[in-house]
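The two complexes that follow have subunit A in common; it is paired with subunit B in the first and with subunit C in the second.
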Partner chain A sequence: MLDWIFSESFLMNVIAYAIPIVFAAYASLISNKAGISAINIEGAMSIAAVTGALVSHYANSWVIGLTAAVIAGILMMMLLALAALKLRADNFLSGIALNTFATGACLLIVKVVLDGRTDSSTAPSVKVPNVDIPLLSDIPVIGKAIFGQNLLFFIALIVLGLLILLINRTRLGVQIRTAGYHPEAGESVGVSIRRTRTIALIICGAMAGLGGAYLSMANLGYFSAGMVSGRGFIGIAAEAMGAGMPVKTTLFALLFGAVDYFAVGGQTVLSFPYELLNTLPYLMTLLALTIYAAAHNKKKG
Partner chain B sequence: MKKNMIKSLCSLLFRLALAVAVAAIVLAGACILMDGDLQEVMTAFFLGPIEDEYAIAEILREMVPLIFTGVAVSLMVRCGQFNMFVEGAFFGGAFLAGVLAPVLGEHFLLTPIIAILAAAVVMGAVGYIPAKMKSSLGVNEFVSSLMLNYIVYWVVMYLIHGVAADPDYPNATMYLEDAMRLPLLNEDTELSSNLIIALLVAVGSGLFLFKTKWGYALRMTGDNANFAVYSGIRAKRYVTASQVIGASLAGMGGASFLLGNYYRFQWASLPNYGFDGFVIASIAGNNPYAVPLAALFLGYLRVGALQVSRLGDIPNEVIYVIQAIIIILFGAQFVLSRKKKGGKKHA
Partner chain C sequence: MSELLCMKGITKRYGNGVLANEDASFSLREGEIHAIAGENGAGKSTLMKILFGAEQPTEGTISLRGKPVKISSPRVATELGIGMVYQHFMLVDELPVYLNVFLGVEKRKGLLLDKQAMIDATRALCEKYDMPVDPTALCGDLPVGLRQKVEILKVLAREAKIIILDEPTAVLTPQETEQLFHQLRILRDNKHTIVIITHKLKEMKELCDRITIMRQGKTVGVVDVCDVDEQKLSELMVGSTVRLKVEKAPVRAGEVVAEMKKVTVPGSGKPKLDSVSFVARAGEILCLAGVEGNGQQQAIECLTGQIAYSGSVQVLGEEILGKSIRKIRDLGMAHIPEDRMTMGTDQRASLHENLISVDFDRNTRLGFLKSKHLKARSEKQLKDFLVKGERQTPISMLSGGNMQKVVVARELSQQPRLVIANQPTRGVDVGAIAFIHEKLVELRDQGCGIILVSADMSEVFSLADRIIVFHEGKIAAEITDVENTTEQQLGRYMLGVERMEAAQ
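Right after this comes the complex of A and B.
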């Protein structure tokens, strides 16, 4: 087992499993910063996954597929904006509704396009390529895992940098934080809260789109129903643990990715029932949330 | 008072009509997309559910899980809790009943009732985890209860692939003899008496919520927790209690549904009834008395969609899309009844 954990492929896979969770966590981060919770990140990811897979197949291009997935993610978040900001339905309930919508719409789309199938394995996606940075990827143990990853890993790194800049160094960032911390104060100095939250949701949707696309266009070469399986929600949990700080959020997402891979990879290495291994990521999230809340309460006094 | 009631009734009818219109529009859209026969589809959707007694029994069958989860969600939302464990509790309750009933043996009525109560107790106990985490530590119940759903799901999968399985029938619990199940109301259409339990639960929860001091305290906590605390209500206790009761009712629902309509537990995935509970609760305005009517409405739409999918052109999943739109449609009113402030009044 130790051989397995310290092998080159372990770290490689941990990062690979963490990427969708990282994107989901960023999506949650930016929407929460603006004071709106987007629990339909899960649903947006699956809509993006199915869109990316099918569009990349038929357009025969991963660039077009990835773009379509991002647009699909944004559209799903615009539906949330429509329901929660414009129609003033409950934020939470709209999210639940849109997750239900996504469950059905994904299956409908695949069934309609591929004549009643529930996955797109007969129409494989054009995958987002892996990047292999020469020299650096030859470093033992960490080389391949970091410098030979999928392109979306590097996009995630760039996004992390941009997020930090956006939140801390730009006018929009200040407006987003105002919309989250003190919307009344924002309105009183002429910041449109609805507009700011809508912009945050656009960014959120793009993140969810990238995360969904990673699942069906990089991790696996096709879409299958239920493939997101709670990663959007785990991303939301990672963000809650990271307390809205981008770097900390990323680290927690990586940790959840590690547990996720441990559960999957462990099935062949460990003599332990796979069903119980599968509870690990969720058990871990539950435990982490409790410890975090307990520590937080203690600090507050 | 009376004027208010008439007004809210009109608003409800308007929304129901709107929901039916939305369903028809979505179906028509799907129909055009898939080259179906529009008239045939509409007939199947609107008249299919009442074409014979089997279709009507199907509506009543659909209603049972919807009533249980709808009531469970209503109680929790009334207390301001968005707990998703209804889903896992329904699943876990059904599994427990499937395992327990054969162990208890063939005792008419006694076996199913004990199994159902046991499922309620166990699922209530599991539901205590996210409830206590929320009330004592302030952990977001939405995320924690979702995680708990997946944990319950995989533990059940583990048990059903191993110790709890029928050795002669892989991935299912032991066969349920007639005496281990709830009696049928009608032999021909196989309508089960679990509908009666569901209706009793709805009425009982309504009485609890509106006629007892605990129900009053629960609603007060949901309306304004700070105010509740100032008026001497131990709000934290009700935050926990509402979620435990919700989980327990959902567990009961799963057990009643299994012992009424199945011969074995062999579900391979979460059945989504927990999320349906939110659709029902939002249509019913979180009022347990209105839940059976909301379930009848959604049951009708579902059997309609099922009839449409039998024509072969439009997949059954179209109902999810319709449901999502219905929740949002009823959502605006939902906010008003929960917070009683802000927001433009629609309809």
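Right after this comes the complex of A and C.
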């Protein structure tokens, strides 16, 4: 088992499993900073996954596919903005409703486009390429894992930098934090909270889009129903555990990624009982949601 | 002095039907300090929110320097040079002072914030107006007095010429109030025009040039401060002579209802409460006086079971160490807390829910609320305590005075044997003050023990049968002959100029 953990492919895979969780966590981070909970990150990711897979296939271009996935993610978040910000429906209930909607919509889309199938393996995605940085990727153990990753890993790193900059050093960042901490204070000086939260949700949607695209356009070469399987929620929990701090959030997302990989990798490498390992992601989601609820209550109370 | 601003025929009806302003008018002269006075609920805040664009008038016109203006939002008001410091601060605790000061008008260098420029500008303002605030401190770490300064800085950073302050002194200690007045005078000397909402007659006399008096949504008069005395002012405010003296029978102190023995509460550095001992008796109003932050708050928190202490605290004959607040209340203690917004009420709940919150679980049959009984009881309490509001009204809609009456109604209806009243009339209008005072005296006459904390001298003198003065965590004096003690004498004890030998 130790051999396995210290092998080059272990770290490589942990990162690979963590990427969608990282994006989900960033999505949660930016919306929470603005004082709105986007629990439909889960659903937005699956809509983005199906969109990215199909569009990349038919347009025969990963760039167009990825762009479409991001737009799909944003659109899903705009539905939340419409419900929770404009129509003032309950933030959580609208999120739950949108998740349910997404599950159904994804199935419907593949079924309609691909004649009754529940996955798009017959119409494989054009995958987002891997990047191999010469020399660096030759470093033993970590070389391949870090410098030979999928392009989306590098995008995640850039996003991390941009997020930190956005939150701490820009006017929009101050407005987003104000919207989260004390919206009335913002309104009193003419900062529109609805506008600020909508912008935060646009960014949130884009993140969820990237996370979903990774699943169907990089990790796997096609969309399959239920492929997000709680990663959106786990991302939300990673953000809660990271207390809204970008770097800490990223580290927790990586930790959750490791557990996720353990469940899958453990089956083949360690011959653990398959049924037991399969429960891991679900246990983790449960744990994650509990942590999230606890953190949320603490903030409120 | 020329007329700077004029509001005419302002009527405001809120969404819930409340007529907050009715044909009200208001005018300002350049460079004056102008007070708006009136009972709680008179519509002062509403009128000023309209001037600041935070509320839209149902009817009426506003003109600035002779030209009609439409102030459709705070942003427009800001552009017109009008700024407002709200009664409840609008600060983001998690952000540093300089970001709060420039919130919404952040200085930038390219795409990024220009932190240094904002810090420098904040510092420059602080120096100009003599406000000792550290621009880089987190707002949440600042005491109330300084938070208010940040609010004023915020307004100044937007280059406001007209500055509105909504009850700024309600949260301040006498010293902080002095300091604020000093800064407001500097502002006036720098050609700013200031509007200050206050109920305190003394402050109006001390600081202001003119006073606009409001009653029930209307402006009932504008007077030059030098033309009126305090008696006349209070008459104008409530429409009838205020009874400043509370009628009460001679004290008949009975058994001990609360006792502290050598109670110490540690603080950072000096203890907040330093081996304090005293007793409170039935049928007596014991006043814990002192300048804020001298230990009287901690004494109350000990008695009500909110903080840890060493020593012994007995309430109605029982040691309360380790007892839950519920248990302590069950002994027969009622508590009117200092902050009605956070502790005294649940702002999300209705009047009824707030009224039954302390004992609804005792009024059940088979696990269901006896709702008919409770509703009738609430109705009666609202009527008895003259609360202007319906049973179903969300409590957040009420004015401060009415909100406080709800708290008082709930607490005093529990047939308490000991009432702890912490600043029960702070920020409450003159009418409600008199009413709350009467209720407290009534209970005392029925043999209930009352412990009152108050920073208001006139309240202390009109209610107390006995006064214990706190200074730096210790008891500086115990005054039993309240009648023959002067305000000056009490002030000397409070400020630590003198202390009584017998005390501790």
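The rule is simple: the second predicted complex is superposed on the first by the 280 of 301 C-alpha atoms of A that agree within 3 Å, B and C clash if a C-alpha of one lies under 4 Å from a C-alpha of the other, contacts with A are read in each partner's own complex, and residues count from 1 in each chain.
Assume a contact is a pair of C-beta atoms (placed from the backbone, for glycine too) under 8 Å apart; a residue touches a chain by one contact, two chains touch by 3 or more.
The model shown is predicted, which means the values in this text are computed figures rather than measured ones.
Student: Mind working out whether A:Tyr181 is in touch with subunit B, subunit C, both or neither, as first, second, both or neither?
Tutor: In the superposition, A:Tyr181 contacts subunit C only.
Student: Who wins on subunit A residues touched, subunit B or subunit C?
Tutor: For subunit A, the partner with the higher number of touched residues is B.
Student: In the superposed arrangement, does A:Gly190 touch subunit B (first), subunit C (second), both or neither?
Tutor: In the superposition, A:Gly190 contacts subunit C only.
Student: Where does A:Pro273 make contact in the superposed view: on subunit B (first), on subunit C (second), on both, or on neither?
Tutor: First partner only, subunit B.
Student: Name the contact category of A:Pro124: first (subunit B only), second (subunit C only), both, or neither.
Tutor: In the superposition, A:Pro124 contacts neither subunit B nor subunit C.
Student: Report for A:Gly244: first if it touches subunit B alone, second if subunit C alone, otherwise both or neither.
Tutor: Neither: A:Gly244 stays clear of subunit B and subunit C.
Student: With the two structures laid over each other on chain A, which partner does A:Gly221 touch: subunit B (first), subunit C (second), both, or neither?
Tutor: neither
Student: List the residues on subunit C that touch subunit A in their complex, please.
Tutor: 54, 73-75, 78, 86, 90-95, 99-100, 103-106, 108, 111-113, 154
Student: Can you list the subunit B residues touching subunit A in their complex?
Tutor: 30, 33-34, 82, 129, 133, 137-140, 142-144, 146-148, 150-151, 154-155, 157-158, 161-162, 269, 272, 275, 278-279, 282, 315, 317-321, 323-325, 327-328, 331-332, 334-335, 338, 342-344, 346
Student: Which of the residues in subunit A come into contact with subunit B in the complex?
Tutor: 39, 83, 87-90, 92-94, 96-101, 103-105, 107-108, 111-112, 116, 226, 229-230, 233-234, 236-237, 240, 273, 275-276, 278-279, 282-283, 285-286, 289-290, 293-294, 297
Student: Can you check the complex and tell me which residues of subunit A touch subunit C?
Tutor: Residue list for subunit A touching subunit C: 165, 169-171, 174-175, 177-178, 181-182, 184-191.
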